[in-house]
């Protein structure tokens, strides 16, 4: 088998399977054959990630993490899944039963829908939409509704507080998230995720043409990742859960498998935004070096995804959580100006063809506002490492 | 094709009907959301991806959430048991009926006025690219005016929401 | 600049993460049922009764003097004094506890009973795997359960037990010429008590 | 505000309409809440997420400590004092022993004084590390700083276990000295632990001190003014974080604290960050005291031989003994009527008194701030409720 066959093995096998389906049913069968692997792969990734996260956090905290179920605790997710499936499903008496039931479903469905436009490998995308990026954000906005439904229908104060926090946070960070990704749309001239990946194809002396390797792309990537962390309610932006403040936020009144569904939905959301970051800035499924292109494209995709997940876990193991007003302040006073300036930087990059000129100019356009903004943020609060006086 | 259209139309109609008939305002909003999603899917069904997705982002992601917030903040999601118990001919019902009638009349006039073949004509292929071209060339002035308007609204909102202690200090 | 402190923190956690694979002091967990922490000699858990010789019930050092029952702060010791006297390990006739119970659900392991016991009859155990199914009866330990041999005592607290044995032997040697005097062992044993705790 | 007590209609969400202008959400934080440090409860009235009223409610862990002690021998109360502030049993022991010694006029041998200083300062180290860890946990740091703190604390607890037999409920002090002398090799082990401690502190500070999120969360939050702190009787690191130079180790010079060279760090802002930093700096000073004490440890008796273990009856009279426990001024007030049991036994718990100004620090702040302000007070419910 040539590397190309290995790369396209899923596409080839899909076509081979489709050959056995009557022509009338082929569109349906094609959709099923595209969707089912996604529906299997990402929950499996979720299961692996829960174990990885717990083990990674454990190692960061000088402990082992789960290591009892299966080899090195690797089947912990199975134990957790069985546990959550067999647990009693408690619904509060005063809860709005229907909405309470629908909320986790909507969350998971919305999270799954987002995967339709993510190119997992070469020629491997469920739906190559013309407005793929727009689709992604449209589906992402349904998550907010699900979160709100969960928090409101539980009729609990903590869940309501959590839902308010979550929705406010997600709406606020959607703006920088979209603005940070628009630079890529400007550069590639398309809203289609497949076209964006293709726009980053090619190598200059083994180095790829990923957008992250430009000043605006780098800034955009960082801003996108910050916004993505907030969108997926991950530490240090995990206020909606805030277990030390509002215990578990909007899903405090959920138990059993519904709770697990919320977990699944959150992680799927995190994977989806990470996958989008990969698509937009890290060249999608492309290999990082030209001599490594023989490794199948989907492998690269998942390697990149895992790397981002590891980074999420690392961040979670390190940072305390922000406060609500600081979170909002960060969204509107730091992220928004930075993303807007980044749009301008990308435009400057586009209109300055001379690489000798555009590199320093664009780098300055990214770094100077960052320094100024961070200065002003620190001075506004007079945050500093203090020195202390002593009495004998 | 017509089957899909019928399903989507049913979703839209059921959603909007639910939005009118539920007593709990939050349920009404959720029903309305279903209706809006159905509408968005109708757009998608017609091949208008940009409009469809924008419909979801704007209406589901922002307007519905905003409405929900507004209701929650003002009423605490209390059920409106005291109102809407019986259909009564009130001024509001009259106004609503008139508006609805007018809308339907216009729609009906527009549809009946056109030759019926128009419905079965080939779907126009409108790509996002074209929309962008149009917005940035032919309609750049309206776009800019809208942008200024929205910025003004944004500044106004910020000023309204600004803490009032600033003046005291 | 914004983010420097965060980066510093990230390097710190990364160091710990990597260190946990290479250095013992960065991975301090002891995997309990398989591994056990090194036993610390002085550690204490709940009291037990020491007996000399092979027969647990005959060799109990306790003479049911009620001092520990009186001094126990949460009052978790219940003693029934015998009506008759039995010879103890040295062959001297003594009262013995007809029943000696400790309610370990009440006991707070303060070891005041050990400190006040003039006969070195009650000592602190180190066994902590004590879960039971029954929260009442199984946690009210009778004499039979409490009795543990002097050899066991030597095993768990070697230094302390050696000192106690030496003191007891000295006391007996002193008391040997006048075996009839019942007061002497009490007074003599009270003094070694200081030696063991000091 | 007036209709707060009114039960909300069944199907509504909790915000009960008040004066029409604002809606207050009354949230009961605790007694089962992950960050109330035990069974503590705060009835918080929220306007949005801003605290407009905070009512601390305690007593869930009340155990009648004082009344039990009045029906117990003097020695019998010693293990109960362990359970007051279960993080610092040794300082509790010391405060109680000190008051009984004052009552009965007992002189403590020198070696015992040194042992007391060593164990008490080790207690301070482990209490302050854990407090910092818990504070970060309240701030949502997913347990990493707490685990580092626990890692170091375990080493100190190992020392306690090999000395006193227990890790937390040490029951170590006796009237006129200490219960047991150092076992073989203990001092060397302690010296290594203490010598390694500054390195851990460096790491801990690198992890946290400069962290922008930590600074943003803590600086300017929960400010306690100097005046209020003094008027409310706040003591310990909290008082010193507000800039008041008051440390009983310097003021009373109880025990042998006048022999050691150490400084008292003082804060200028009185916010949560200062309270955190003061504790970190105090740990460094404690390490200095420990080094000096372990260097100078003399040989000799560890227990006043004249003091009886049983049948201990101090002369009628009263005494108040106080020490600088890691949480503040811990005092025991005793009245003796000449019997083996105290006539009156009263604890001055620093946790409780430091907690009284919680509402003043929290008003106008967020729920998230309430949690970390509470965390920075450093309470142990065993001591608050007694």
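Lettered A, B, C and D in written order, each chain numbered from 1.
Here is the rule we go by: a residue touches a chain if its C-beta (ideal position, glycine included) is under 8 Å from a C-beta of that chain, and two chains touch if they have at least 3 such contacts.
These numbers come from a predicted model, not from an experiment.
Chemist: Across all chain pairs, which one has the most C-beta contacts?
Modeler: Going pair by pair, the biggest contact count turns up for A-D.
Chemist: Would you identify the chain whose Cα-based centre sits farthest away from the centre of subunit C?
Modeler: B
Chemist: CA centre of subunit B versus CA centre of subunit D: separation in Å?
Modeler: 59
Chemist: Taking each chain's centre as its mean C-alpha position, how far apart are subunit A and subunit C in Å?
Modeler: Once rounded, the distance between the two centres reads 57 Å.
Chemist: Per the centroid of Cα atoms for each chain, what is the distance between subunit C and subunit D, given in Å?
Modeler: Taking the mean C-alpha position of each chain, the two centres sit 30 Å apart.
Chemist: Can you compute the centre-to-centre distance for subunit B and subunit C, using the mean CA position of each chain? Integer Å is fine.
Modeler: Using C-alpha averages as centres, the distance is 77 Å.
Chemist: Quick one: which residues in subunit D touch 2 or more of the other chains?
Modeler: Within subunit D, the residues that touch at least two other chains are 11, 13-14, 144, 148, 151, 207, 209-215.
Chemist: For subunit C, which residues are shared contacts with two or more other chains?
Modeler: Within subunit C, the residues that touch at least two other chains are 2-3, 5-6, 9, 12-13, 16, 28.
Chemist: Specify, in ascending order, the residues of subunit B that touch 2 or more different other chains.
Modeler: In subunit B, residues 72, 77 touch at least two other chains, as defined above.
Chemist: Considering only the defined contacts, which subunit B positions touch subunit A in the complex?
Modeler: 24, 26-27, 30, 33, 40, 49-50, 52-54, 56-57, 60-62, 64-65, 68-69, 72, 77, 127-129
Chemist: Where on subunit C is subunit A touching in the complex?
Modeler: Residue positions touching the partner: 1-3, 5-6, 9-10, 12-14, 16-17, 19-21, 26-29, 31.
Chemist: Considering the complex alone, what residue numbers of subunit D touch subunit C?
Modeler: 72-73, 75-80, 82-83, 144, 148, 151, 154, 158, 161-166, 169, 171, 179-181, 183-184, 203, 206-215, 301-303, 305, 309-310
Chemist: Residues of subunit D touching subunit A in their complex?
Modeler: Counting only subunit D, the residues touching subunit A are 10-11, 13-14, 25-27, 33-35, 46, 49, 136-144, 147-148, 151, 207, 209-217, 219-220, 245, 247, 250, 263-269, 273-274, 277-278, 281, 366-369, 371.
Chemist: Where on subunit C is subunit D touching in the complex?
Modeler: 2-6, 8-9, 11-13, 16, 28, 40-44, 67, 71-73, 108-112, 115-116, 124, 159, 194, 197-198
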